[in-house]
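The structure follows.
Order as written gives the chain letters A, B and C; numbering starts at 1 within each chain.
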Amino acid sequence: MATLELRNVNKTYGVGLPDTLKNIELSIKDGEFLILVGPSGCGKSTLMNCIAGLETITGGAIMIGDQDVSGMSPKDRDIAMVFQSYALYPTMSVRENIEFGLKIRKMPQSAIDEEVARVAKLLQIEHLLNRKPGQLSGGQQQRVAMGRALARRPKIYLFDEPLSNLDAKLRVEMRTEMKLMHQRLKTTTVYVTHDQIEAMTLGDKVAVMKDGIIQQFGTPKEIYTNPANLFVASFIGSPPMNFIPLRLQRKDGRLVALLDSGQARCELPLGMQDAGLEDREVILGMRPEQIVLAGSEPNGLPTIRAEVQVTEPTGPDTLVFVSLNDTKVCCRLAPDVAPQAGETMTLQCDPQKVLLFDAQTGERLGMAGQTQAEGRAPNVAQFKGR
Amino acid sequence: MTSLATKPGISLSRIAIYTVLILAVLLYLVPLVVMLLTSFKTPEDISTGNLLSWPTVVSGIGWVKAWATVNGYFWNSIKITVPAVLISTAIGALNGYVLSMWRFRGSQLFFGLLLFGCFLPFQTVLLPASFTLGKMGLASTTTGLVFVHVVYGLAFTTLFFRNYYVSIPDALVKAARLDGAGFFTIFRMIILPMSTPIIMVCLIWQFTQIWNDFLFGVVFSSGDSQPITVALNNLVNTSTGAKEYNVDMAAAMIAGLPTLLVYVVAGKYFVRGLTAGAVKG
Amino acid sequence: MSSVAVFSKASPFDALQRWLPKLVLAPSMFIVLVGFYGYILWTFLLSFTNSTFLPTYKWVGLAQYARLFDNDRWWVASKNLAVFGGMFIGITLVIGVLLAVFLDQRIRREGFIRTIYLYPMALSMIVTGTAWKWLLNPGMGLDKLLRDWGWEGFRLDWLIDPDRVVYCLVIAAVWQASGFIMAMFLAGLRGVDQSIIRAAQIDGASMPSIYWKVVLPSLRPVFFSAVMILAHIAIKSFDLVAAMTAGGPGYSSDLPAMFMYSFTFSRGQMGMGSASAILMLGAILAIIVPYLYSELRTKRHD
């Protein structure tokens, strides 16, 4: 097991071509689970390939433990990888698949047999050892792929969207199993996914990527509650954060955001009172669960009456859509609240929890750009437009 | 698309279709039947009967004479074809492996050049090739012919393997590299075991092409080193004395039987080779 | 995090591994560059020289090409190629498509029938030529057969008729290649999207018109491939001529490939032979290049 550190990693595919990876900085401790998440084309798979040594970097360094492995070939980096397609060797049996890497490293057969037995027991694939990959189901193949990685006992595990090819139900099951396994084995892991739920549930640390840049790096909670920019805020969370563009105003000496539902208005007095923000075009961010039904007792929080446009009962919640400032806003309410379209509801939210983003750059106003690795200069991403 | 005829019962159109198809079958078979019949006739039968008349005496004399004339050349063909097929297939496999999984700058260009080379009319290289063979001391030898067939078969064999390997996911090679396997280990233990279908296609295609070749045979060999196609042509087209059609036909059958047998036994690979060559790039 | 980073050098094994793919490909690259393109260049150069029995490198410009143009036999060969090629491609396409369409109708024993149609491709053109030469033998071949069957006075002497001997070449070539075209189109037909056909059926179209108006037009790429392959076979046709007619009677059934061989190796006219080879190359390029160009163009639009 080892630590992983990426220092200012850059990658281009050719002179004149745009950078695929720009100034990637992150580090994780021994035994930590790092998630690389982002939309297609953001560079997460490329970054993973670079960590594995399957692709070269054009700048910066990759450190595993104390070693700079940037120039080393994949097999010398002591890394194991589980691929999205599992990449099991089709002409070999499950046992031979797991043994392959060990045989190449010239382990004695008795040690190999022990490893295979250990891994098979761990993953409950003992009964599959003599079958070929073509005879296995998707879930079984996935386990064998993991077994192949585990048998190597590498310093770092890499997972490239390992659950994407499974059906939804199996995916949820395997997700939990992966978390359990990580708790047991405490392996340093880098995990790539485009699914933000996996990012939130599996990771110790999450790096959100877009266009080859790390938009934010932090714990899942930090990323969720304190997103560094509009992109991170919109990417993480389901249903996604509501974004209301508006212009800040000064009322009675305080900076407020004015909400207008068509039926009523309310002022949100903001925590930040920076003078430079007056009259500024901003985007207000509110998570659906931050908008609640106003109770019968007034509690000092600003309220607004709004007309219900659509409701979506999901089972555990009811999602209610209203219009604020001509923007469709989603509110997550309790399941027993079942308004009809056209009804008027009284909603409230806590202005201390609301987030503000610059409408031009997408940057978060106030606590801009939180954690980067260990106190290095924060990597605040530019997000042009929405 | 096999569902147009919604009523596969007896209808006028189906009768017409079957008639045409069966007629075509007969037309395709007639030359072969005629060759066989003629080969088993005596010269008297040939001159008195017609193409499809049954021999009054089934005689193997045509075959005996034909074999006596061409058997040396038959073995030449084997000496040429077998090594050339094996070598060109092996090289093609390695090339295909490199071109599909270990691409580097210039490899795509090379593949393009190779692809173009498949269309080459061999007339454009005959002269220089024969000079070179002469300089290498291989003129008029079966070894020289093996060499030539390997060189000019490379384009096709590489194409076959490359197109086949391209459909193997490169995650497989990546996984093997992470497991610590090197270039040849990956080829030997992972790729090659998966290659059986295309190896068959390549072997059969090359065997057919090389065994049936005439141009290289007639240009690059003479006398004792000639393959059977050249010998057959010499036999049939030299008009000394009376033509013995039974011998000619028997010799033609001898020349044609190996590839025909291969086709009957392993025909589906042959077809795959044809259609793979047709769907280029 | 320790501030001391240990740099590990790549092992020499790694360096070898990086070079291995290139090393493996190198011999083939060499062979292709020399044996294909180098030799073409050599032939090209020879076509501008005075070479006869042996190569001499005396520059004579386009003289050899001029001699070709003045050579009646070359004109006959070229004309024959056009006639042979056109008829061969056209008839083979028609027969191949027809057979493919018919075979697509859920025929019993389809596999067996397909095998029969295709077996000629397994034969050498020399064998094919020999067989058809016998079949078309004036006096003892097909004409005698038909006379014996009752068609009095039937004569088939195309093989010795200078004006018609090319048709004999066409017959043999069509016999050999039509099965292949059938196989290509059958594979293409099997890949056609069912839903388009069902839509046409619902629209009330009859089977033949569905094929003619909907299915076959969608197989345009297969047509192009087929035409290219057939044209390629036609231009390279040498074995067939050698076996069936040796270019005769006289040189009335000569084809460029035969011409090249004859002039280069039998008549000791290497310069002219090289020129004819280059012209053959030109003919092939004239077909491939537009095809490849249009393929690349359509791919870019996709």
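Heads up, the rule we're going with is that a contact is a pair of C-beta atoms (placed from the backbone, for glycine too) under 8 Å apart; a residue touches a chain by one contact, two chains touch by 3 or more.
Just so it is clear, the structure is predicted and the values come from calculations on it, not from any experiment.
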item	value
Excluding chain A, groups that stay connected where the other chains sit	one piece
Reference chain C; chain at largest CA-centroid distance	A
Chain A-chain C separation of Cα centroids, rounded to whole Å	57
Centroid spacing, where centroids are CA-atom means, of chain B and chain C in whole angstrom	15
Two or more partner chains touched - positions in chain C	17
Chain A residues counted as touching two or more neighbouring chains	73
Contact footprint of chain B on chain C as seen in their complex	13, 17, 20-22, 24-25, 27-29, 31-33, 35-40, 42-43, 46, 55, 95, 98-99, 102-107, 113, 115-128, 130-135, 140-142, 144-145, 147-148, 175, 179-180, 183-184, 187, 189-190, 192, 194, 197, 207, 210-211, 215, 225-226, 229, 232, 235-236, 238-239, 242-243, 246, 256-257, 260-261, 264-265, 270, 273-274, 276-278, 280-281, 284, 288, 295
Interface residues, chain B side, partner chain A - complex	169, 171-172, 174-181, 185, 189-190, 193-194
Touch list for chain A against partner chain B, complex	49, 52, 54, 73-75, 79-81, 83-87, 89-92, 100-101, 104-105, 148, 152
Residues on chain B engaged by chain C in the complex (per definition of touch)	1-5, 8, 13-14, 17-18, 20-21, 24-25, 27-32, 34-35, 38, 46-47, 50-53, 91, 94-95, 98-99, 102, 104, 107, 110, 113-114, 116-117, 119-129, 131, 151-152, 154-155, 158, 182-184, 208, 211-215, 218-219, 229, 232-233, 236-237, 245, 248-249, 252, 255-256, 259-260, 262-264, 267, 270-271, 274-275, 278-281
